[in-house]
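Note sheet for the following structure.
Every chain is named by a letter (A, B, C and D) in the order it is written, and numbering of its residues begins at 1.
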Amino acid sequence: MEESAVKKIAVFTSGGDAPGMNAALRAVVRTASHFKIECYGVREGYNGLINDDFTKMGPRSVKNIIGAGGTILRSARSLEFKTKEGRKKAYDNLVKRGIDGLVCIGGDGTFTGAKIFNEEFGVKVIGIPGTIDNDIFGTDNTIGYDTALNTAMEAIDKIRDTATSHNRVFFVEVMGRDAGFIALNSGIATGAVDILIPERKDSIDDLFETFEKAEKAGKTSSIVVVAEGEKLGSIYDLAKATKAGFPDYDIRVAILGHIQRGGSPSCADRVLASRLGYGAVIGLMAGKTNKMAGMQSNNLVYTPFEEAIKKHNEIDQNLLKLSEILAI
Amino acid sequence: MEESAVKKIAVFTSGGDAPGMNAALRAVVRTASHFKIECYGVREGYNGLINDDFTKMGPRSVKNIIGAGGTILRSARSLEFKTKEGRKKAYDNLVKRGIDGLVCIGGDGTFTGAKIFNEEFGVKVIGIPGTIDNDIFGTDNTIGYDTALNTAMEAIDKIRDTATSHNRVFFVEVMGRDAGFIALNSGIATGAVDILIPERKDSIDDLFETFEKAEKAGKTSSIVVVAEGEKLGSIYDLAKATKAGFPDYDIRVAILGHIQRGGSPSCADRVLASRLGYGAVIGLMAGKTNKMAGMQSNNLVYTPFEEAIKKHNEIDQNLLKLSEILAI
Amino acid sequence: MEESAVKKIAVFTSGGDAPGMNAALRAVVRTASHFKIECYGVREGYNGLINDDFTKMGPRSVKNIIGAGGTILRSARSLEFKTKEGRKKAYDNLVKRGIDGLVCIGGDGTFTGAKIFNEEFGVKVIGIPGTIDNDIFGTDNTIGYDTALNTAMEAIDKIRDTATSHNRVFFVEVMGRDAGFIALNSGIATGAVDILIPERKDSIDDLFETFEKAEKAGKTSSIVVVAEGEKLGSIYDLAKATKAGFPDYDIRVAILGHIQRGGSPSCADRVLASRLGYGAVIGLMAGKTNKMAGMQSNNLVYTPFEEAIKKHNEIDQNLLKLSEILAI
Amino acid sequence: MEESAVKKIAVFTSGGDAPGMNAALRAVVRTASHFKIECYGVREGYNGLINDDFTKMGPRSVKNIIGAGGTILRSARSLEFKTKEGRKKAYDNLVKRGIDGLVCIGGDGTFTGAKIFNEEFGVKVIGIPGTIDNDIFGTDNTIGYDTALNTAMEAIDKIRDTATSHNRVFFVEVMGRDAGFIALNSGIATGAVDILIPERKDSIDDLFETFEKAEKAGKTSSIVVVAEGEKLGSIYDLAKATKAGFPDYDIRVAILGHIQRGGSPSCADRVLASRLGYGAVIGLMAGKTNKMAGMQSNNLVYTPFEEAIKKHNEIDQNLLKLSEILAI
């Protein structure tokens, strides 16, 4: 085996938390240990780099965390890291310990920070995509996405019980400020009569038409799943407009909110996180930097941060079409 | 065995749905069948009585529903039943079929309707308490309450993951317009730093003091569970006031909403519903009427509707005290 | 407030683990802290007392454990504590630290050890019933029982899916070596066609009759829930005998096993554990000893160990009868 | 749009049931309805074809089944379909109704029957891979696999609680007679110390070495996940051999069994089943036959039955290696 390009690494989680971040952390720490690379955990993302909040981690530091939601390293947004001074402090802390490689677990914002840091100071860095939104280019799925889908689906299944019992129409908002992945997939999985996502130009007329068709088809209750970032209006606007168009409807609104970020990760997320944690470390060892580790068609791939940040996973148009056909 | 006081009965669900209503329905139908009493299911509560929406039900009509959320008979509020004319129509439908006993599954409002109906027309009726709020006098627990507690708790556990990861303060609203049972118990079960319920006079000062104590104790994140009917203000008001008092806090609001009404009933709810369904039928057979079947200290008891409607289950003051001690 | 009868206490878990033991531990530690009583955790039950494995615990030592399955203090059976010499060592360790009160969380065996220890050395001790079997006298429910019921029920619900899809008969073994509580309640909750428990004299003839009735009633698949301690035979014996009697049946056996001991505790178990943990500490403070804290009809009660060990919770005969009526 | 190659189709489920079969059925029925193709459901697999057990199905026949475990059409093994006479009867029933296309949901055995049937009688047929084992070539995942993974993982998580509390070694058997997919992935997801699968030549020496390393690493409890089809020996043999080698170990065995086949399908399985149900129908419409619909890298692909039956999905060697690295 060739010599590793890094000797000591640090790992941190940043941005919104996602289920499976702990599993990724565990994989980073244990892979590093396997290859005799020293590993530090940094608390609260970029803030910890700046504030020198490092702990040395070994295999036992991450025991029994593979199934834990959230992130034991905690996460935070860091204004200071957006300044050159902040980044300099962070760099000095790395130098002080001889840390020559970084693994950052997070999303777009996290990678943007890492890219700048790498360009300024040359510290090798590999990113791991951890976000429930699944909108990061360079990986089929992001860590946390599969768990969030199941959480959203289970919540909507529960809402379905009460919708059916009372012949009601529910508008259910799921997470996804810029992306409709959660909405589209959880909507298909729960038989939503309509799914509104930011990637598609929706209209109230289309929505009304859907309701009319549903009525004709004999449906007595309906669920409309709406992504947080839907452009047609807030979920309250939509409910209000619908009430105006269909005064007889008994309409309710539900916002699933932060439950979608928590919970024990699904098997798929734990395995994905394990693979990417491993991939990040062997990537650093092989001298890779400024890249994100991802899984595509079951293969470990490394995508330059630049691309991962600029491009976005696209909603599958076939799925959109499918959702309409199956909602009849 | 003595002769039954009823020969044909009908059963319906009314008011807000609750997990376990189907289990109660199944028990009513099968107990009736066991005792050779004919049984009809009525759709959509009192509306079905008025609109003559009856189906004959036997043991196989209720197969595999013991674990189903919602109510297969559906539920509805009925304005027409509040009129004498409406009730007369309902009565005529019963007479037409020779139905001489009713089982109604629901809450306060349901029992109020049943009481009036019984007083006007003399039809024997027994109620079964089905509501997640647990505020009905005459039974230790109402059907659906235990399930709702677990649903709320699991959701708050998920929120805890993200609260901890980000050092945040979450205000979480749970159901309970008039009663704090869900808030108090789910709050204790999730280690809430404070629990706000309509039964207690809360104040912003007390809340702030709690936050100060929590900070001093070294807590970096907190969850406050708030009952829907909390009198101090809406959850948004509380969050806003807290932000004013603690500008550094990263505060979030979550409203659990209708997921609390749905889902497959817990074991305790299925068993309770089975016992009360049975109890309602043998109560009718024994000539009881205008009463609610309940379980108290593991005994089947019948409480006059009048009492069940007027009185309310009281929050246990010891639990309130306990919640404060354990939140340190 | 009167002076406390104890100044320093120790707490440990012993015997089979049960979900909610951590919640009880948390309540003991925090209640002690609230009343300014020093508190030590002892690892691995009586072994830890003997081997001097104590840790001082404060409110933060038990943070975020209310929802954790198992017991962070671990548990073990101790042969050495059955000897006078072992108990003497344990006592010396308590004396050394000035510990004058003990809280033990466990079952019959745990309380027996505590009773002897108290009688020999006079150390005050209060027990908390933690076992999934629910067979301890002096409390309506033991800690872990409600969770185990839900775990068993959810597993049997899953088995029901495949039983129904294939017209199969399943024998499902649930825990309960001496008691049929889990079998009876999970059996009712899952619509088992028959429930076999050690408390009742069952016969193969009765079982066969049940199958014949089920066939006549049009059932195409069946689940029989069997308690571990059933006296009629092992679950394999029962399956074999049934196959001999009904050669056409497609029979399967499932043993739920240790999954029933694990998992995050239910809301009811977390609240119960919290109350009993509190109750144990205030019991000790009030000078009580050689007693078990329990909840009966929502009241905190203390039952002498002697009684708690000798007597047993009895299966409710009405429930047994109900299970037959509802299985039609 | 071109004219469809089929006018009336029938759909059935066959072989072992898997979560998501109902979602696939729903998609078949609704897609057919969307394209104005008549659709029949056949009960109990090939037996239903022979015994003329058909029901006409429309969009409402499949309402609210997307989340239901098992298969509402039921499944069965058919000896009669293995005879030419049996298949002739089945063909006659199709002719009688003018059915010119078939969708079969199942595994290897199901497709083998379909292939022969197609070759003999020329009826167009498309298969949908529904099995929890994931060992079918031509699709990244089979329907039910993701759900089974989560079910197995959650069960093992629970076992972990009790293993940790008691310093025990657990051998846990998961499904997979010929394939180690469930074992490998659920083992990684639960931090199993070792994973034994039929695809790899395991040895007792390797297993013992693993235990020795685990001990040295300071692990006090361990879980070994074993696939049903492991060739080194039954799970009881393995436990016995381990006890002989490590007499101090407190060893337990758990067989997860049929719970892995049941339960409400995960979001991934519901979406996959929806896509494949749709894919099967448009495949038939486009004149395809003797092929299985699958998803590969997010694309709908059709694999000849011959290939789907002969070849098998291969275990990813990288995952095996990863499982060892992360278990340190």
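Keep this in mind: contacts are C-beta pairs under 8 Å (C-beta built on N, C-alpha and C of every residue); 3 or more make two chains touch, one makes a residue touch a chain.
This structure is a prediction, so every number in the text was calculated from the model and none was measured.
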item	value
Chain copies touching (chain C, chain D) - same or different residues, decided at half shared	same
Per Cα centroids, the chain farthest from chain C	A
Separation of chain A from chain D, taking each centre as the mean of its C-alpha atoms, in whole Å	28
Centroid distance [mean C-alpha coordinates] between chain B and chain A, Å	36
Centroid distance [mean C-alpha coordinates] between chain D and chain B, Å	39
For chain D, residues that touch 2 or more chains besides their own	157, 160, 164
Touch relationships between chains, expressed as pairs	A-B, A-D, B-C, C-D
For the chain A and chain D complex, residues of the former touching the latter	26-27, 30-31, 33-34, 59-60, 63-64, 66-67, 140, 146, 149-150, 152-153, 157, 160, 164, 185-186, 188-191, 217-219, 264, 266-268, 270-271, 274-275, 278, 296-298, 300, 316, 318-319, 322, 325-326, 328
Chain D contact footprint on chain C (complex, rising order)	13, 17, 19, 44, 68-71, 74-76, 151, 155, 157-162, 164-167, 170, 252, 254-259, 261-263
